[in-house]
Structures are given as C-alpha cells and as structure tokens.
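Per-chain numbering from 1; labels A, B, C and D assigned in written order.
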Amino acid sequence: MSGKLKTAVLGATGYSGIELARILARHPRLDQPLLLRRNAETAESTGGLPHIFGNHNANGKSGGNGNSPALPFSWSTLEHHGVELLFLATPHAVSRELVAEAVTRGLMTLTSGLTTGGLRIIDLSGAWRLKHDDHRAVYGFKDNCPQTAAELTDRAVYGLPELNSTSISSAALVANPGCYATSIILPLAPLLSAGIVDCDRGIISDSKSGVSGAGKEPTTRTHFVSVADNFSAYSLFGHRHTSEILEQLALDSRQFIFTPHLLPIPRGILSTIYVYLKREMTADEVQTCFYDFYRGKHWVRVFPASTLPEIQFSVHTNYCDLGFCLAHDGRRLIVVSCLDNLLKGAAGQAVQNMNLMYGWNEAEGLQ
Amino acid sequence: MSGKLKTAVLGATGYSGIELARILARHPRLDQPLLLRRNAETAESTGGLPHIFGNHNANGKSGGNGNSPALPFSWSTLEHHGVELLFLATPHAVSRELVAEAVTRGLMTLTSGLTTGGLRIIDLSGAWRLKHDDHRAVYGFKDNCPQTAAELTDRAVYGLPELNSTSISSAALVANPGCYATSIILPLAPLLSAGIVDCDRGIISDSKSGVSGAGKEPTTRTHFVSVADNFSAYSLFGHRHTSEILEQLALDSRQFIFTPHLLPIPRGILSTIYVYLKREMTADEVQTCFYDFYRGKHWVRVFPASTLPEIQFSVHTNYCDLGFCLAHDGRRLIVVSCLDNLLKGAAGQAVQNMNLMYGWNEAEGLQ
Amino acid sequence: MSGKLKTAVLGATGYSGIELARILARHPRLDQPLLLRRNAETAESTGGLPHIFGNHNANGKSGGNGNSPALPFSWSTLEHHGVELLFLATPHAVSRELVAEAVTRGLMTLTSGLTTGGLRIIDLSGAWRLKHDDHRAVYGFKDNCPQTAAELTDRAVYGLPELNSTSISSAALVANPGCYATSIILPLAPLLSAGIVDCDRGIISDSKSGVSGAGKEPTTRTHFVSVADNFSAYSLFGHRHTSEILEQLALDSRQFIFTPHLLPIPRGILSTIYVYLKREMTADEVQTCFYDFYRGKHWVRVFPASTLPEIQFSVHTNYCDLGFCLAHDGRRLIVVSCLDNLLKGAAGQAVQNMNLMYGWNEAEGLQ
Amino acid sequence: MSGKLKTAVLGATGYSGIELARILARHPRLDQPLLLRRNAETAESTGGLPHIFGNHNANGKSGGNGNSPALPFSWSTLEHHGVELLFLATPHAVSRELVAEAVTRGLMTLTSGLTTGGLRIIDLSGAWRLKHDDHRAVYGFKDNCPQTAAELTDRAVYGLPELNSTSISSAALVANPGCYATSIILPLAPLLSAGIVDCDRGIISDSKSGVSGAGKEPTTRTHFVSVADNFSAYSLFGHRHTSEILEQLALDSRQFIFTPHLLPIPRGILSTIYVYLKREMTADEVQTCFYDFYRGKHWVRVFPASTLPEIQFSVHTNYCDLGFCLAHDGRRLIVVSCLDNLLKGAAGQAVQNMNLMYGWNEAEGLQ
C-alpha cells in the first residue's frame, strides 16, 4: 500500500493525453497512472514511449503501467486497479457517454457536497462544459440516458481553478475548460467582475493558437507544408469555445466576437482582447483591478502596465500570463494573454484541478 | 541606345531593396538598374550576389551594374548614367533629405501635372507619406530647407495604385505606402467609400506580420531564437503606420485601433479587421461592394463570402487578397486581408507605381 | 491556331504537379496546359485554385483549363485536345502502366532517333529511371505487358539535362530524375568523370530535404507538430534514390552511402558529400574540374572554393548550386550542393527537359 | 543555516547560463544560486526575469538572488556569500583568466585527489578542455601567469560524466564539454573502446545544431530571416570542437572529419556518424557493445537496432539518445545521436557534473 492516489488516463494518445500522462508520472502524490485505451485505439499508438516516460528505473514509482502499452478500457479494469480518479482525454461524444455510464453503473455518486468514496472524473473534452441546451447543441450529443445526462450537466463543475476553486474541490465531475476559453476568460473576468466594461460596445478576442491545439490527426490542414510560413483565420463567428466564454462571463452573443487563428508553431496561445471601458480610467486603476483579482493565484502572472507577455514566456509552464495597454483616452483597453494550450489550456489545468479536489497545493507536480 | 528606362536603386541592401533590384533586373521595359549605396554602407553589403541576381549571362540586359558591387551614391553618378527614375530604399531621414536636395539642385521639377524631363523618385520610406504635421511628428524629421520640404510634402503622391492611379501617373515624387497600411487601407476603402461603416463604434485592425517587416538589422528581437516558436504583440496604440491609415481613410484617431504582431515566418502580413455596419446587410451586398470597387484592379483578389485568404496564397506575389465573413446579425463584419510585405507591401507596389507612372500595364514585370 | 505546343499534366494535385502546372501556365511557348486527374482524385482536389493560377484574365493564354477543375483523364481526351506532350505527376505504378498503354494503343512510337509525330511523355515518377532489373525491384512493378515495358525501360532517357542533353532532345519518354539523386549526381559527376575520386574508400552523401519532398499526403510523419523543431534521419541504407545514383554514376553499392534526413522547412535539399581523392590536389584544381564540366550550363552555379551554397539561395529557382571545401591534406574533399526539390528536383527540371526536347533555350519559362 | 550547497553563476545571460540558473534554482540540494555579471554586462541583461524564474514565492528557497538583477562579480562577493561552487558561463578568454586568478589568490587548491575546502569551478567554455598545446592554439589564449595556466590545464578534468566520473568526483576544476563534442564522443566511445573501428578508413560526423548553439549575440547569421526555411554547413575542416573530439577519442586528425550545420530550430543537435568496421559484425553485436558500455548510465539512452532517435525526443531533457543502423555487408555502420545542446550539451551536463562532484545521484535536479 503506497497511500498514494490511484489515477487512470483514458486516451493518452492525443497531445493533451500524452502531456497529462507525463505530468502524472512525476506527481509526488500519485502512483504511476494507469494508461488505458479505447478499443478503437491500437496498443501501438499508446504508452511504451521510452523517450516520453523516461528510463524505466528513473522514478521508482509503483503501480500503473506508465512505461508499457496502454490497457484496453473496461469498468472492471478500473475497479480491479482501485482507480479513484479518472481523466478522460477522449472525444466529446465518448466522454458524454462514459460519464453517464459510470453513474448508471453506480460507480459515481453525484451529490451537491463532497463526494464520498465514489469515482471522480476530470473530463478534458467539451462534453460537460456547457449548461445551456442551446450552447451544447453545437456538439450534437445524443444521450442514451437523457435524465442522467441532464443531472450530470447540472452537477458538473466548470474547472477553471482561479474562478471556481470551491466547487471544484468538492466536485465529482470536473469539466476541464477549453484552451482558447481559458485564455479569454482569465483576462476578462477581473474587468467584468469590476463592472468597468462597456459590454454593449462589443468585446473582441482575436486569438492565435499553435498547431497542437488542432489535434494529432494528420489532415491537409495540419500538414507541415500547409502550416509553415503560413497564418490563417478560421471558424469566424462559429467556434465552439465561444459558448463556454459566453456562459462563464455571462455575456450575450452580440456582445462578443471570438476569432481563432492558426499559428505556425507547435504550442501556445496568445489572445489579443479589445475592450471599451465605461469610464476613463488610469493604467494604475486597471493594474490594481488585475492584481486584486489574482492576488495569491499561483498560476496567473499579471505583468506591469504596457509590458506584454509573449508566447515563449508561458510555453512549457502552467502559467497564464496577462498584460495590458490602455489608450491615451483612458477608454480603450487591450489585454494580451498567453498560455500553453497543452498545459494551462488542458493537461496542466486538469492536474491543477486534481490538486484542488484532493486538498493539495495548487502547484504540486506542475513546477 | 536601348530605348529602355534608366533606373537606379539607392540602398539595395535591405530586404525591400534587394527584392526591388531583383524585380527591376527582369522587368522588360528597363535596362539593368544602377545599384547605389550610401557611403555609410560598405561595398560588400551590396550587390554582387550571384545567387540573387542570377548568372551574369542569363538575361542579356545592357547597362547597370546588377551583378557587381553597388557604386557609391552621388548626384553626378546619377546624371552620368542618365537615370530617369530613382528608387529610394533608404531610412526615413535620408529620404527626406535626399529628395529635398534633388529639388534644390534643380534635378527635379515639381509641377501639378506631368513632370517633364526631370528626375522622378519613388520613395519606399515613410518620409513623404504624411500630409498632416501632427502625424509626421512621430518621425521627428529635421528639414534643412523647410520651404522645399513643405512643398514636397504637398506634392508627394501617396502611391497606393488602387486608390490614386491618376495622380500617381503624373507624379514626380511617389511615397510608397507602408506594408501594414496597404493591408488595412485596401480592405477598408470599399466599405468606407460606400458609407456603410459605423465608424464611431470603432474599427479595429489586428495585424500580424512576418519578420522581414522588422528589417534586416540583427537585434535581440529578430534573433531566430527570440522569434521561433513565439508570437507577440508590439507598439500597441503607437505604431507609425497608424497615421497613414487615418489620413488615407479620413478617420479620427478615436475611431481606429491598429495592433501589430510579430509572426514567426519570414514574410507575409495578415490583417483581421473588425467593423460594425450602420445597417443590417447581406453577405451578397458586402461582396458586391468589394467586387464593384476592385473590378479591373489586377493586384487585388476578392474572395467569395466566407472564403478567407491565407498568407501562403499571396506570398511571393504582388496580390493583396481580401476575404470577409458577416455575422448572422448582418451587422458585424470581419475582413481578412493578406499580402507579401516585401512585394505588395513594398517593392512590388513600387514597381506597380512605376508601371503607372510610365503608362505601362500595371502587371508588367510583376508576374 | 496558336502555333504553340499543346501540353497536359496528369496529377496536378501533388506539390510537384501544382508547381509544374504553375510554370507551364506562364511558359511563352505553350498554350494553357490541360489539367487532368485520375478518377481516384476528386475534382475538388485539383485545379480551380485562383490564388495559384492567378486572375483569369492575367495571361491571356488560349486553350487549356488552367483556371478550372481538372478533367478526368482518358486517352480520347488527350487526342481530342491534340496534346503533344504529356507530363505524368502520378504514382510510380500508375506511370508504369500508363506509358505502356500509350505504346500499345499506338499513340507513342519509340525509335532510337527523334520521335516523329507521336505523343511524347515526361514522367516525374520513379517508373522509368532504372535500367537494371535488380535496382527496379525496390519498386515492385507488375507490368501487364512485360515486353513493352522492357522495351520502354531500354528506350527511356534519364532526364538529367546537364549530363544527357543529346539523348533528351530526341527522346519520346523522359524519366525525370529524383530530387535527392539530382542533388548528388550533379556534384559527383565532374569528379568521377575526371577520375580523381578514390571510390573504393567510399563516397558518402549526407542529404537533408524539406518536407514537400515527402509528398502531400497527410501522415503522422508530415504533421506540423512532428516536424517543427525536429530533425531526423530515415531510410538508412535503403532509400530508393540510391539506385538511380549508382546507375548514373556507375558506382558499386559498397562504394556509396546515402543518408536522407527530414528538415523542418517546406522545400529545399542540401547534400553534404564526402569524397577521398586519389592524389593530393589543390583547391584550384578542384575548382577547375567543376568549372570545366559546367561551363555554359545555365542551371548549375559553381561557387568559388570554400564558399558554400545554402538552401535559401536556390529555393524558388531552378538552380543547382555547388560549393566545396578541400582539407589541408589535399585528399579529403567535401562538396555541398543545394537545390529546390520541387524545381530543379522535379517540376523545373521537367520543364528544362521539355525545352531541350523542343529545341528551345534551356532557361525558357524558368526565370 | 540551510546545510545546502552555495553556488554562483557568472554570466547567466547567454542561453546556457539562463538554462543553468533555471535548473539550479530548482535543484533540491542547493540554495538559490547567486547570479553574477561581469562589469561589461548591464544589470538589465541579467536576472530579474519573472517569466523565467517563476513567481517569487514559488519555491521557498533561501539565499541567492534568483529573482533579482545579477550582482557585479568580485572575488570578495563570492567569499562574502560563502560560495563553494562557481559556474562560469563566460567567454573562453574570461574563463581562462578567472580560474588562474582564483588559484593565484589562493581561493582554489589544485591537488591530485579530492579538493578540501577550496572553491570548485565548473567552466562551460572551451578554456580548459584541451590538453595539447597545438589544439588549444585555435583559441589564441594569452595567459598572464603561464605556469599556473599550465598546471591548471594539466589538472582540469574533462567533464564528460559517462567517461570520467571518477576524476570528476574529486576535481576542483571541471571543463564542461562542447555540445557538438558530447554528441560525437558518446556514440563513438563504445565502438573505439571495443577496438572494432577501422579508424584509418576515416570516421565522419555530419552534425546539425539548432540556433541557440550559435549564441545569443544578434548577428546577420542568427537573424530569423537568415535561418528560417534555410539550412547550411559551416566551419568545414575547421571547427574548434574537433580538437576535443580528437583528444578524448585519441584519434589522429586525418582519421576524423567533423562538419557542423545550422538547423532552423531553436535547440537540439543530431549527429550522423559514419564508421567502417574492422570486421563483419551483426547488429546484435553492435547493440551489445552500446548496451554494455552504457549499462547503468542514467543519461544515455540506447535505442534498439535500426530505431533512430530524433531531436524531438531529447530536447528539453538531459538525455543523449543513441541509435544505429548497420549495412547488409556488416561493415558499414551509421550511428545517430541526439541531445539538447543547452542541457546535455551544456547546462544539464554541468549540473550532472556537480552531482558527481558532491556524491549525489547523477539525475538529481535534472528530471
């Protein structure tokens, strides 16, 4: 008995899943994570990557199968290994189905307070992020058991630790936010919370992401020759993360424009966000607004006024960096945010959520 | 006697200058361009690049020194070679001084109509682009001969061929536009001209440029390791091209925000431009607005609605590509423009201006 | 009647095919090329790319379908359009089959001298490059009509213009060389021809290619995230181009090692070639060897001793650049060659071959 | 009193120095390292980078100035802070001078066995790597105190942990190897040690490095536009690391060729090494040779036969990865090695050396 938490990762084959498995393998509070694969995935495509997981004698962790091919997923395998926390790095529809199944099988209890004993799940997909039916419609989910799905939708906690730490700490099901959404909600939350934004004049986020955000599937769009030396906008007025942002920030769809772009770099997101203020402000006032909101928050770094973050600063870390610049008229504000889409935008944030769920330091295993 | 136009390029050492020399060397209406250098530049840094100008026997052009080191600049060298058109690819202050000198030496006559006989100049710097004193202040020019400078400022023609072809054709001094400015003025001109933009709600251009736009000087900022895998915003609310855009589009500074970013690619600009419309419109109406405005304009390609240009499409060409997407509410419009900052954004546009100045086909030498 | 040559391209969907169609569309001796597709390819994947072929009114060429979707291939379509020269940018096996079919259908006559009247073909695949059965075995061709295939194999001319211009000029079937092979044969031919290489000591070509050389098919290996920031060797002791090199240079397989690597750039090849000389030589002697061999050859640029080509110099041109460095002992020689794999390594070389086949200047349409 | 080792870094401004400071700041056996700068360096260029060293409360380390600007270097500052181990990330000539000064000032005692009490130094430059006067000549050192310098040259230990762990553990002065040299010596040592290489036939290392290996100084050569989409060879038959390799492997200069190339990536080295074997061998025998040599060596990963490392696998780690491929004739062997030039090629290796010098686990602080 190690006394350490037993975790499993289903789908450690995509970029986020691999990153997650790598972090969990070194997290001091955990046994080796159990790596699982769906039947649709071949054994070869998972686990067993010596260059990713390091030499097999290196960390002396017990349990798990960190250095071997992933096992096929089944609920009994989970139970057999005593898994307490399951990370889903699966497609949206698969996550939607699996969590509902965990509930109907009685493996998971959804209560309003702290779950006792049952399995807990952190889902990295978009399956459980949206409360409004209209918003969720863009995913086209078909729930086998609509009642369970509805209850789960209600109880799922949107896992943005800087905003929802209390509900995350007692959640049974955490919906890990989208990478773009994280890069937009974190810079806007302090301003909206302070009530200084003229929302009706329109908020615009012009966001740019590295290619790993587009997933590991080889497509014409992700071919090196298509991306290198290139840059393009996509999904204008129609990206799925828009709904997350509207819900979390309580904005109306006419108040917000989100335009994603594809950067010729492997990882990293930069969002340039345009906001009109209700009244003339000074840079100091804006600075204070950000500082006050994020005081004591380990994974958000607020830069001094007119000093802007760059993607290079936050890549390979779990930080979300924030900087801003105010026009001379004191009414037009540009906020720039940067993060690593695979860390603070996915796997790192999932681990941060786990740390909150088990009462550990938010930074544990993420340095 | 070749009967061909005699041209010279001063400063064929920067990226735009090299590109310009390369195009001129192949232009069917010209002799080999005379390559000149300022005394501050060493002979080694200019000309004599076999891999750029090709094998010496290849194009059979007479005159010029296309394949040899650049000659030191002097007015008498210009006269000796019978140069009729001078391209300045020099720093702003140098251009400001040299053009004034050409006038005071009597080499150049500024008339309202077609210049007769005198030297004509196409300047690629920012020296002569701005009419308003306030705007020009950002450059901090110190004119030796303020009266001549003022007259030149009045008579200089802003060389955006799609907007000013008539005045360009008879100009003695053409101020070649900035690369960012070109990528923003071309998409906005049709909309503003049609009077459909709600300017007071604010126009935003979130623009992204490849590194050659930052010049050839090696700096910490242009070091490969600083740029690769990175992306950053700069000069927020303070880039010099802003004034060009305001002047050419007759906008007030509070109506327009321009944010440049540095892309990890060698060349190319993409501007994502956000516009609110005065009234609800259909995509067809917007399309028609662009089509009508650019009908017969060789170097602007308007894409069908919701089909967006990418940097790769226009790089290594003289095209400015335009695409747009209209929100479902018919009021919010995003226009995306792309061009090659060294061609349509600099050298190619200069050649296009030359073609207009001498009554040739706008596309000549630019295919 | 235009009096211009009628050409067709089958397979203008891969990188080489698109580049070829682009060059042919501007070649002054040709009508618009006819763009054809195999039935396996959809109409969408071919032709109709306004950003590639330019504005439709731009070049005023008659004939062809340069700006429209490719037509399905059939022999009668070829005849109907009076196609005189067919470029095959098809997979190896398809080329092997199609050329044989052209002969059995009587469209093509293979004579030792100049073909009269019949269709001529330039094949960009590896189908007809190799004379030795053992070498060809790596492709695993299955010929429907072995006798015709054998005759074609005999009569096909290896289309390296700098070595085989005479036989190319009268060939009915030209096998366009591989990109790596071109980058290795051109630097070695002068040295081997001069008899100064100690072949038994071993010749090594350590070659590096951009990603377009790996084809347009999206695979895990060509995914941006796999290639960017990465570099790797592949096909050690086993790349298909090895046989071409051995055949053309009359080397024994134990005398030559070829190691390809994948560079994180879209296009370009650099080969670093290690040679031991039979006797001590001076740099001047080596230089003379290269100069003499390539005197008057437009598309090979020999650099001065110890000045080395870089990929950037030859990319987007049809040049093969050669440079070398001799050790102080005068016995160990390193030759560096660079070319653009899509131009001198594929489409450009094909056009150069066409120019020779029709008695035009080797540089026509390639500037 | 923390009981932790007190270290200082002089020159934490270059890429290796910054990386080193970052690793030391997190090493569990150390206090915060003292960051020092030469007077020639401004305070701004050093330390105080919040995005590099993390939030100031994050690691709770005492001592040092990890998050503040570097202090000016002086020997008394070192003594005042009780520094026990000094890392020099300084130019070659500066290191040469400073170490000699430490000895003449009596701060450092050079004994054949374990140093007792005095300062110990790990130098990342080339100042102390070479024993032979001829080899060292390429650096052109001018020693103020030739006798001390000669003694130091004798006593300095070449800090390649996999080869010299015993002498490193008791060394007062460790010369940290060059990045290229590490990538070449590690793959060749097992083969040469086994006596299976036909050295007289010639060993060739065709090596490729990312741009951080060329240093942080902005130059024409490191400008993004010069490097991106490009690839080039340099320093043929003349790179300084050649001497290190010859000395460490006891090779004659005619037996070995080393050709460095510049890769368009920020970091990482791949060396492709060509070796002729004295007798025909099997892949199993070669594999065994590598496995036996590196058994128990944490930071060298030997790949199975014909499985090759790629730069991506070892970048951001301290591993040197080795793979090989044997020709069918069993006589020609290609070994491919990969490492991160800033980690195993510089800062990581320096920390590995420190771990050995203080009897800690070789992997400590490097996971």
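Note that in this section a residue touches a chain if its C-beta (ideal position, glycine included) is under 8 Å from a C-beta of that chain, and two chains touch if they have at least 3 such contacts.
Because the structure is a prediction, the values reported are computed rather than measured.
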item: Most distant chain from chain C by Cα centroid; value: A
item: Which of B-D and A-B has more C-beta pairs touching across its chains; value: A-B
item: Rounded Å distance between chain A and chain B, as computed from the means of their C-alpha atoms; value: 43
item: Rounded Å distance between chain A and chain D, as computed from the means of their C-alpha atoms; value: 37
item: Distance between chain centroids, defined by C-alpha means - chain B, chain D (Å); value: 48
item: Residue list for chain B, restricted to those that touch at least two other chains; value: 226, 228-229, 264-267, 309
item: Chain B-facing residues of chain D, complex; value: 15, 211-212, 216, 218-220, 222-229, 264-267
item: Residues on chain C engaged by chain D in the complex (per definition of touch); value: 201-202, 204, 206, 208, 226, 228-234, 236-237, 254, 257, 259, 261, 263-268, 270, 272, 274, 276, 306, 308-312, 315, 325, 327-329, 332, 334, 336
item: Touching residues on chain A, where the partner in the complex is chain D; value: 26, 50-52, 54-55, 58-59, 228-229, 298, 301, 309, 313-314, 316-317, 319, 321, 363, 367
